[in-house]
Structure formats: structure tokens, C-alpha cells
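Both complexes shown next keep subunit A, but they swap its partner, so subunit B is in the first and subunit C is in the second.
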Partner chain A sequence: MASKFLVSNRTGWLMAGPSILLIAGFIVLPFLFAILFSFTNQRLVSPNAAEFVGFANYRQLLDVTTLTVEPERDASGAVVIEDGAPKYPSVRSLTRNNPDRPDLNGMREWFSFGHGDSRTYVLARDVVFMKALVNTFIFVLVVAPVQGGLALGLALLINQRLRGINVFRTIYFMPVVVSIVVVSLLWRFIYDGQSGLLNNLLGALSFGAIPKVDWLGNPSTALGAIIAMSIWQAVGFHMVIWLSGLQTISPTLYEAGAIEGASKWQTFRYITWPGLRNTAVLVLIVITMQAFALFAQIDVMTGGGPLDSTQTIVFQAVERGYGKQDISGGSTISVVLFVIVLSISLIQRWLTREKS
Partner chain B sequence: MAQISADNRGLRLATRYVVLGLIAVIFIFPLVFMLMSSLKPDQQLLEDTASLRAFLPVGDVSLDNYFAAFKRAPVGLFILNSVIVTGVTVALSLLACSAAAFAFVFVEWKGRNLMLSLILATLIVPFETIAIPLLLVASKLPWIGVEGVTWGWLNSYRVQIVPFIADGLTIFLFVQYFKDLPGELIEAARVEGASWGQIYRRIVMPLSGPVLATAAILKFLVMYNQYLWPLMVTQEEGYRPVMVGLQYFFQLNRAWGEIMAYLSLITLPVLAFYLYLQKAFIASIASTGVKG
Partner chain C sequence: MTKLTLAAALLAATTWGGTALAQQTLTMWYHGAGNDVEQKLIGEVIADFNASQTDWKVELQSFPQAAYNDSVVAGALAGNLPDILDVDGPNMPNWAWAGYMQPLKIDETKIAEFLPGTKGIWNGELYSIGLWDAAVAMVTRQSTLDALGLRTPTLDQPWTKDEFMDALAKAKASGTCEYALDLGMAWTGEWYPYAFSPFLQSFGGDIVDRSTYKTAEGALNGDAAMAFGEWWQSLFTDGYAQATQDPADRDGGFNAGKYCFSWNGNWAALGSLAAFDDVVFLPAPDFGNGPKIGAASWQFGVSAKSQHPEGAAAFIEFALQDKYLAAFSNGIGLIPATPSAAALTENYAPGGKLAVFFDLSSKQGLVRPVTPGYVVQAKVFEKAVADIANGADVAATLDAATDEINADIEKNNGYGH
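Right after this comes the complex of A and B.
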């Protein structure tokens, strides 16, 4: 339709201009700034001009190393046993002012494991960020398959002809329109260790056999509790995307399957699932991107605690960039997050590409 | 024989409804609990969590918590702020994004393909990764007011509105929809001598009801439920929207009945809106997925 009646540079720029300017100013520019700031020591409010610091922020954030130590030995050369286990020199004595390893200065123990007589310490310059990184990955690795799978199950369940099925569809989607902040506060009460609904429910179902748990106050259950709530809140969203994918599959394929006498499983395996390939990629990418952005639940429910068990990447970015007004530190975390999200969506696209 | 198979069918149907119903309970019980708790005094609220009474409007039921919430914090102001920010952003977003999509689909101009690709590329940038540098940008932006130029956009409506007017997803939705409109119609109108503005106002927009609803609903959900950005840019009470106001409200008071009243107050209008327009809500989420 290349007609001279449709050519108008002036109109084009005039009508698209406002959006282009706004996106350039409030998405592209900050994005480029994030990269720029991550190489400087920019702060939100500072009397001094920002300086270029190279990769120092990244080193500060991501530096990890291992240190293997032998147990202490007494004069005769036997291993010193303390409390039934070999005694090792304290990590602090090795990382602080250690003339042999100046590179370890300021690093802290992240975790350690023993093998044979010796013990290996994994040291990180920023242990809290390492925990945030691991927690975020755990969150994504659990939420993506579980939420995606449950959403598909729900979509198949409500994709049947049944009187009143719309009522169920409406209810399953309901938590999606409720703000995650509202949901987080509400579940904070449900998870409460004393008068929480969940403890009372479990107690009643087991006739008091299940003891009360302070779900959000216990490092071993806090992240799991947040994962369960997050899945509950958002599963309806992905159910609807699956449902729209299901409805693009031609009914004639199902008729053909029925004539061939395909079982329910065969119908799903050979008709439904192949027809959902593009939807599957989309759902996975959207869930992954949303899961990496985990913030509001943490801020409202735990503040990263207890014992850093619910720290996340975005929570750390906000705590540094906003809380401590350390724009360069927050920006560095943002860039790391972007690189992770981008790599994962590229990997997902590649794994689920059309195989010809 | 026939009798048995009919019974079987009835049983299967009943099983299906039981499964669907149990799942529905899982999705709805926290919301029912929230509404019921908002009507009860604290003492009773805590006692009721031990039984099914938690989900029933029984005992000492009143609207006292709602009045108390309004007394404790400027809840009315928070709601007004949210309504202003959400309403203005949605309206401006529909205008700017539809105009841009119009230019991308119907008008031929130098640079349009490059600009469209750049805008669609921003879809892969999560907002969370630009929030921190955006905070610095916003804090340095000049504003020309009555007293002259002032620096810093923090604590204002504009800092919550302007950055969210244009976004890749909304433009993408409009572009997809406009592509399906008959291009000959536009060309014919041009030949007849209609101006671009007339075509946009009189031909394209009147045909765009469904995509306007879709874009409006998605933008509304994002804006009304926003938390991270307003948390960073509204340190003063005066411009705080409901979600950030809620967090402060929670910090200054642990009366659960009042909190439940606040939660219900900011959730009920959205739920009512959703129940009224649920087909449109579900269609708008679905349409983000169909062509992705």
C-alpha cells in the first residue's frame, strides 16, 4: 500500500513523537544510565562528582573464591579435636590482614564443606547479595514449572463444556486483580505463628497433631511460604494465557483424534501439547521475568529476613539504590539482573525453538 | 444397563463439580476471610480464626473498623491520589499510544521501522531493572512552575504519571489491532481529502472499542497496583497512593480489624469492577498472549 497519499513524515513524527520521546526518556535513558552508573561511584545526593571506577562495583558484588584449610595440629602432628570435630583456624584470621592472601581481605564466609581432613570455605565479598541471588534462583526454579503446570491444569479443567463453568473461571482469576501488596498483608495474617489461619486450619485437620509454625519467622519455611502465596496470586493470569492458546487449536484435530480412538492422554500428548508450543514459550518467559522481579512480597512480608532467608535481587537493588542512596550499587545489581533475565529468555527461546 | 451408565454419568459430573468447587474455595477463602474480618472487632477476629466463623459474618458485626481506619490515617487522600494517578495515566496512555500505533501502521514516514523495533525491544527490559537510575533521572528533572524552575520531581503526581504514559506493550496491542483494520479504508479516506487527524478521530478510534478496553484494563491493573515506584518517589504523605499508604498504615498500627478494613476498602472497588467486566478483563490478559 505504498501510495503517495499515505506518505507523511511530518504526521508520522508528530503522532509517534510523544511516545518515542517518553520511552526514550523514561525507559531507554535510565537503562543506559544503569549501565553507565554501574561503572561509577554515583550517589543520589553527593557533593562530589561521580568518578569512573571500572569494574569495581561488579567485583565488589560478585567476587567469590574458595579457601581450603588444613585442621590445626598439635606438637606431635595429631589433628586437634574440639567438640568431637577437627579444629580449624577461624576464617576471620585468614581473611583479615593476611599477608599471604591480600586478595581475601574483607571477604566473608558464605558456606563451607569438609572433605577428608581439610575443609573448604567458599568466601564472598558480598555474602548478602549471594544469598539474594540464590534465593531468587530458587524462587524462579520452583515458581516457573509449578505455576506454569498448575495454570495449564486449571486451563484444561475449565476448558470443558459444563454448565456454570464461567463462574469457576471468574473465581480462579480473582486473585490476579487483587494487588500483590494487599495479598501479601493478608497472607501475613494467614501465616501468623500464633493466631494465623493456616496454623488453625492444619491443627483442626490433624486434631492438633501438627504443631504451630511461625511460617514467615522461620528461616526454613519463609521462602516456601512466599512461593506458595505468589503462585496462588498469579496462577489465574497464566491460566488465561494457556486458555487462549487452547482455543486456537482447531476442533477438527480433536474430532480426528476421537475418530481414531485416541485416549485422553494421547489426545493431550499428540494434539493439545504440540498446539501449545508458542504459548508455552510465552508463559515460561513471562513467569520467569515476573519471578525475577520479586520485590513487593518481600518488602511487605519479611523485609529480607529472617537471617537473609528471603533476600532477593530486586530487594537488594532497592535497599542499596534507594535505602542507602547508593545509585551505582543499585544500578550494578540492576544490570546483573537484566543480564540474567535476558540470558534466560534467550535460552528458553532456544530450547523451545521450532525443530525442523 | 442404561440405568447404570446414566448413574455413572451423574456421578462423574458430580465429581467434576466437587473438584472445581474445592479449587474455587482455595482461590476465594482469603478474600472472604478479609471481608468478614473487616467487620469484626479485634478480639472476636482473633478468636474466630480458630473456626469456620472466620468466614462468616457472625457475632459483633459492624462498620466500625472502616470509620476507625479513616480516622487513623488520611485514607481518603490516599484513595484520591490513586484515582488521580491511575485515571490520568490511563487516559493519556490510551491517547499517546494509539496515536503512535496509528502512525506506525497507517502513515509512511522515514524512521518508522527503526522506531517501532526500538520500542518493541523495550518490552524485554523489566521495570525493576531501570527503577534505580530512573529515580536519579526523576530527582534531577527540572519543573517550571509559578516560582520559576525547581529541581526534582519527587513527591508529585507528575513523577507517578509521566514515566508510564507510553509503554511498549500498549503500543504493541494497538499496532496488532490496527493491522487488522482494512487499510483500503484509510487510503480511500486520504484520497477523498480527509486529514490524518480526521481519519484518526472519525474512522480509526470509533472502530477501536475492544483494543481501547484491553489497553485500559491492563494499564489500570498495573497503575492501581503499583508499589515499588511510588514507594521510592513519595516520601511525603500528600502524594502517596493507596498501596504505599497501606504499608505506612500497617507500620503505625497493628489493629488487624482496621487493616482488614483498609484492605477491603482498596480491593472491593477493583473486585466489583472485575466482576462487572470479567469477560473484558480475561480477554485483555488473553490478548497479550495470543500473538506473542
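Right after this comes the complex of A and C.
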């Protein structure tokens, strides 16, 4: 055993060495620093030495509470109705400099819901981060299945012996080769609210019936626009992974299936899909992790706006750590993101484990 | 051919001989990479300086403007800054406070005539000095003013808020332009605090309380600021301006007749003059506390790490000559820092086409808050203004911005104020 460890592993360590060094130097070490910084008030530019602040950064980031308020009543005790709905005191009057609730100072309304006469406000200390969390999860939940499914469809399409199939493979893969920053810049023109390609196209197809939409400038369409463009950009990459998976499936299985008289669906259901099991796990985990890292599109196309509709976790981490020179705040967000991605990956691995 | 080679060899030999003397090399970082005219101008100043004496030799390293500030911060963290730094005026206090820069020791009498916005003063000391300033004006056409029956505002008698809103209402009603006002919403980043915080200041608010620089409470969320916010939002809800603007419309919209009024800087003025022959540059409206526009542009200073601050100061002093100020102005349309330099320029000389900008800069210019925290405050202000334009609740947005600025000041132990 000893000789095996020394001899066989020497080559192994030599091969792994460079990547271990690079990963340690550029990923592990900075990440350990991030964990350390998240417990201090470290700044990017400052003559002040960093101080240990405990969990203050995490509290600032994640503090959420609820506040239930009763509608305003007039002198006779009847509920004041304004614009057809009961009037509630403004959140601002309850949170700012409220001597009864000093703990609410600095908190803002995230969202609210009504039940009966009263209304419950969910307050967050960092509303922008909460919105970034929600947006990122929406992005992941839409992109992971849609992109994975589309990529599989494309892979099945191009996994055929047809004349000139390589042309199609190239076309579908092309967006992956182009830098995401360039793609984002191009799509900004496509989504332009005035004379963008998409608006012109929709206008022409509908003979002008579809009004022009400012895709990136409208809070209700901005995130959707970025999701669509992101799916298009990276679908080719996952198509190639699916394709490699498809080509590992033995042709004899398909032959056997054909002899047995299996329909197309049966072939897919009982030969292709089981053969793609491991590929599916890989694609799902890779898409999920990539989707959580959404940054370049946001930075180039919207900057998180309008009205925080496209804020994301990584964008916030960069914006704070670098833009606002708050390394400790950015580090805290990075650590939170790490915990989220790690937990989800572990859950995915557990759900897709080999059941023997 | 041989003669030419010989001459070249001789020239090379003499230049070699020249540099072989005990010249101390000074490095300089500049933000103008990619702008050929600017590169040529700064190159000429450096060449003249190097030829003028034998003690110092300045070497230039240029960065694209978009990457310049990041490069300086990264260079400082790595302990690798040049001798002479180029710094955007409002950023200077941050860099001075952080220990990137040292006070600039130059002859005070040389800058006595300089526009106030070009002097970078922090903690009572001069850290940087600019060769030029920038100013913003309400650009329109005389024919538009006449057609709408509007009074032409002057520096002494700018439009009041009511007159300005009346002008926008008339412009919108006339239908001559697609939008009454082009604010430049497409130019995100520093344009927002530079161009829009003067409106807030004219209302009587500010990004931060300038008496202490320790809080934004009352300044950014007081009654004046709320009034500013409501007015700002009304520009978009009433359809006078676009909350999201196509970048191409910002660059060419006014010149194409899409907007009746454009809130734009002197650097765009030559283009407008070329498009229309009756362009007029109007002063900022007075919203109650005097008309205000932003001041301070790029400036030169000495890095803290420099071993030769006297050499760096000598170069900066050399660069402050009127002829260079005028050359930069003629080359890239900036406002020369002194009246005597302005007189040497084509456009800013008294009676020149852009002379009004010189007066705007000296009469209405207000520097952005002089505090190391400005870098963060500018970002917070930008987001608040953009959110309000997009329909966010004014009071809640300004309160949140105030809280964020105050938390940042606290996190930095008051930024040394």
C-alpha cells in the first residue's frame, strides 16, 4: 500500500498540483478571507484598521420582521376609507424615530398583505438584498428547467445522421463562444424600447397591433427579458453536454428497441432517458450554479434597475464590495450565497443519488 | 537615404546624451486612453516640460476613463502608485483621506485666478488642481423660446421654478418635440449626482449635511428634499421627460429635434451649435435657494507614495500655463480654468460661442460634497433618483438613502470629519 501511495500518487499529485495551487490561491484563500472579513468592518479604501464586529453584517443583511397595523379610524371609530380601501398609517411613520419600537429604526417595507381589517407589513433591514434573493431564485427556478430542457431538445435534434448537421451544431453553439458582455450589449439594442429589433419585429408581425415595450426599462418585463436572453446564450453549452451523453448510449440498445418495435416515445423513455441519468445530474447542477452567479447581464444591461426588479445576489456583492467600497458587506453576501448554493447542491445530489 | 540615416543616428545620439544626465523619472497616470486628441495634448505638455529643465522627466501611462479609478484603487492596495495622479474632483477627498495623495505644494499666487471648482481642497489643504472645469446648461433654441413665448432667462435673472415648469408645459402642449426635456437619464453613473444633485441643492436640500458631513438626516430627507423628490417624479409622471432613455437619444436627440430642452454639459455644446444656428445655453432654474450647477472636473495631484513631490509639483505648476489650458479647451471643448486662458480660446473668449459656460461655472458652480464619503453617497443618490424617476415612493426612497449614507458614515468613523 505504501508503495502505491508513493509511486502511483506521485504522478497524480504532479498533475493535480498546478490546479490545486491555482484553486487554493485564487478561490480557497480569497474565500477564507471573505469569511473572515464578513465578521469585521473591513473597507476597500480606508485608513482605519478593520475591527471585529461579530454578526453585525449578517444581522444588517438578513434581519426581517413583521408589523401588523390596524387601519386608521375617524372620531366615530369607523375605518377611514381612501380610494376604496382602508387607509393605513404609513410604514415610515411607524419605523422612523418611533420611541415605542427602536428596533424597527432603519427597516423598510418589503411587501405587505391584508387580512380582515388589519394589514401585515413584512419589514426588512435590507430590502434591496431581499429583492436580490427573490430575483435570483426566480432566475434559477426558470432557467434551470427551461435551459436544460431546451438544450436536451436541441441535442436530440442535432444527434442525427443528416447531411450538414455540423452547420446546425455550430449555429446552436455559437452564442456560447461570444463573451457574455458582448451578448449583453447586443441584446440591449434588441430590447431597446424605441427602435429595438424585438419591438420592430413584433410590430411588423402584428401589423403594429403590439405596442412598443421598453423591455429593460419596465420593472415587469426587465427580469423576464434577461432570463430569455440568458437561456438563449448558454443553451448551446448544455446542448453539447447532452450530446456527449447521448453518444455514450450504445447503438445496440436502439437496434434492439427497433427490432422490438418500440415507438419513438418508448425509445426515449426507456433507452435514451435512463442512459442520460448522470448527464442530467451534471447539467442540472451546473446550470443551477451558473444561474446563481448571474452578474454580467445585470451589470451591462440594467444595473439592477428599474426599481430593483433585476437586482441579484452577485450583483449586490460586487456593487457593495467594490462600488461602495464596503468589502465586509460584499463578503457577507458572498458567504450567504455560498451557503445557499452549497445547500442546494447537496439537496440535488441527495435527490439524484443512485438508489441501489 | 544615407543622409537621413545619419541624421537619425545623430538625433538618437543627442537624445541619448540628453537623457543620460541625472534626470529623475516621474511617472504619471492619466484617464484619457482612447481619446487621441486628449493624448496628444497631454503628450505635448509632458514633452515641453521634459525639454524645459534637466531635473525631471515625466513618463505618462494612460488608462481608459472607465477603468481609471479602479486602477488607482488597485494600484494603491498593491502599494504601486505613480508620482503624479489624475483625479476626478469629487473623488479627491476619498483618496486624500485614504492616504493615496499628499498635499500639493505649489505657488498659491499661480492659482489665484482659477475657477473655484478647479481647486481640490480637503481639510484646509490644496491636494489637486484642475486645468479645466465643466458646466451644465439648459440647452435650447432661440426659435423655440420665441415660438413658446418664453422669457430668455439670464444669469442674473434665471427662470424660477414656476417659469421653468411653465416652459415645459408649453413645450409639451406645442407638440413641436417628442419630449419637452432631455435630462440625460441614459448617462448612468456620476452624471446623476453631478447633473441632478444641483436641483436638490437649489431646492434647499443636499446629499449630505455640509455643516458637519456626519449625517444626511434632514438634508436628503428633509422637507426641501421631499419637495425636490416630488418635483423630480412629476417630470416623468407628467410626461415631460423619459425615465429610461435610449443612449442614442441622449447623444443625438436634441440635435435631431426630438427634445425642446436639453440639460447638457459644455462638452456637447459644439455639436449642438453645429446642428442649429440659434442654440442658446440657459442658466439653471432657481428652485428657491439660488440656481446651482455642478463644478469640478478632472484634476492633477501628487500621490502619497511619491519620493519626489517637488518634481511632481513642478510639473503640475508647469502644466497650469494659460497656453495649455487654452489648448485643452480648444481640443476637447472644456472650460479653461482662468479668464486669461479663456481669452486665448476661440469659444470661451468674451463674446465667444461658449463664453456663457465660463460665467455659469464661476457664478452657479457648486462642488459636490467635499467628503471622503462622497464616493458612496454618489452611488446612493444615483439609485434614489433613478428609483424615484421610475415611480418609487419619494419619502420612503429618500429615507432609505439617508439611512444608507448614515450607516456608511458610521462604518467609517465619520470619515475623519
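Just so we're on the same page, the second predicted complex is superposed on the first by the 333 of 356 C-alpha atoms of A that agree within 3 Å, B and C clash if a C-alpha of one lies under 4 Å from a C-alpha of the other, contacts with A are read in each partner's own complex, and residues count from 1 in each chain.
The criterion applied here is as follows: a contact is a pair of C-beta atoms (placed from the backbone, for glycine too) under 8 Å apart; a residue touches a chain by one contact, two chains touch by 3 or more.
Not measured: the values here are computed from a predicted model.
S.K.: Should subunit B and subunit C be called a clash or a fit once both complexes are overlaid on subunit A?
M.R.: Overlaying the two complexes on subunit A (C-alpha atoms) leaves subunit C and subunit B clashing.
S.K.: May I ask you to decide whether A:Phe292 touches subunit B, subunit C, both, or neither, giving the answer as first, second, both or neither?
M.R.: First partner only.
S.K.: Examine A:Leu152 and indicate which partner it touches, taking first as subunit B and second as subunit C; both and neither are also allowed.
M.R.: A:Leu152 sits against neither subunit B nor subunit C.
S.K.: Does subunit A have more residues touched by subunit B or by subunit C?
M.R.: B
S.K.: A:Leu223 contacts which: subunit B (first), subunit C (second), both, neither?
M.R.: Touch partners of A:Leu223: none, neither subunit B nor subunit C.
S.K.: By the touch definition at the top of the document, which applies to A:Arg169: first (subunit B), second (subunit C), both, or neither?
M.R.: Once the two structures are laid over each other on A, A:Arg169 reaches subunit B alone.
S.K.: Examine A:Met130 and indicate which partner it touches, taking first as subunit B and second as subunit C; both and neither are also allowed.
M.R.: Neither: A:Met130 stays clear of subunit B and subunit C.
S.K.: Could you tell me if A:Gly305 is touching subunit B, subunit C, both of them or neither one (first, second, both, neither)?
M.R.: second
S.K.: Have a look at where A:Arg92 lands relative to subunit B and subunit C in the superposition and call it first, second, both or neither.
M.R.: A:Arg92: touches subunit C, not subunit B.
S.K.: Quick check on the superposed pair: does A:Leu44 touch subunit B, subunit C, both, or neither? Answer first, second, both or neither.
M.R.: both
S.K.: Please report the subunit A residues shared by its interface with subunit B and its interface with subunit C.
M.R.: 44, 195, 322
S.K.: Note which residues of subunit A are touching subunit B in the complex, please.
M.R.: 1-3, 5-16, 18-20, 22-23, 25-31, 33-34, 37, 42, 44, 154, 157-158, 160, 162, 165, 167-183, 185-187, 189-190, 195-197, 200, 204, 232, 236-237, 240-241, 243-245, 248, 278-279, 282-283, 289, 292-293, 295-296, 299-300, 314, 317-318, 321-322, 327, 330-331, 333-335, 337-338, 341-342, 345
S.K.: Help me check something: in the complex, which residues belonging to subunit C touch subunit A?
M.R.: 70, 73, 76-77, 94-95, 97-100, 188, 243-244, 246, 249, 375-376, 379-380, 383, 386-387, 390-392, 395-396, 399-400, 403, 407-408, 411-413, 416
S.K.: Taking the complex as given, what residues does subunit B use to touch subunit A?
M.R.: 13, 16-17, 19-20, 23-24, 26-28, 30-31, 33-34, 46, 49-51, 54, 96-97, 99-100, 102-104, 106-112, 115, 118-119, 122, 124-137, 139, 162-168, 171, 183-184, 186-187, 190-191, 196, 200, 221, 224-225, 227-228, 231-232, 243, 246-247, 250, 256, 259-260, 263, 266-267, 270-271, 274-275, 278, 281-282, 285-290, 292
S.K.: Flag every residue of subunit A that touches subunit C in the complex, lowest number first.
M.R.: 41, 43-48, 60, 90-92, 96, 106, 108-109, 127, 192-195, 214, 216-217, 219, 303, 305-308, 319, 322-326
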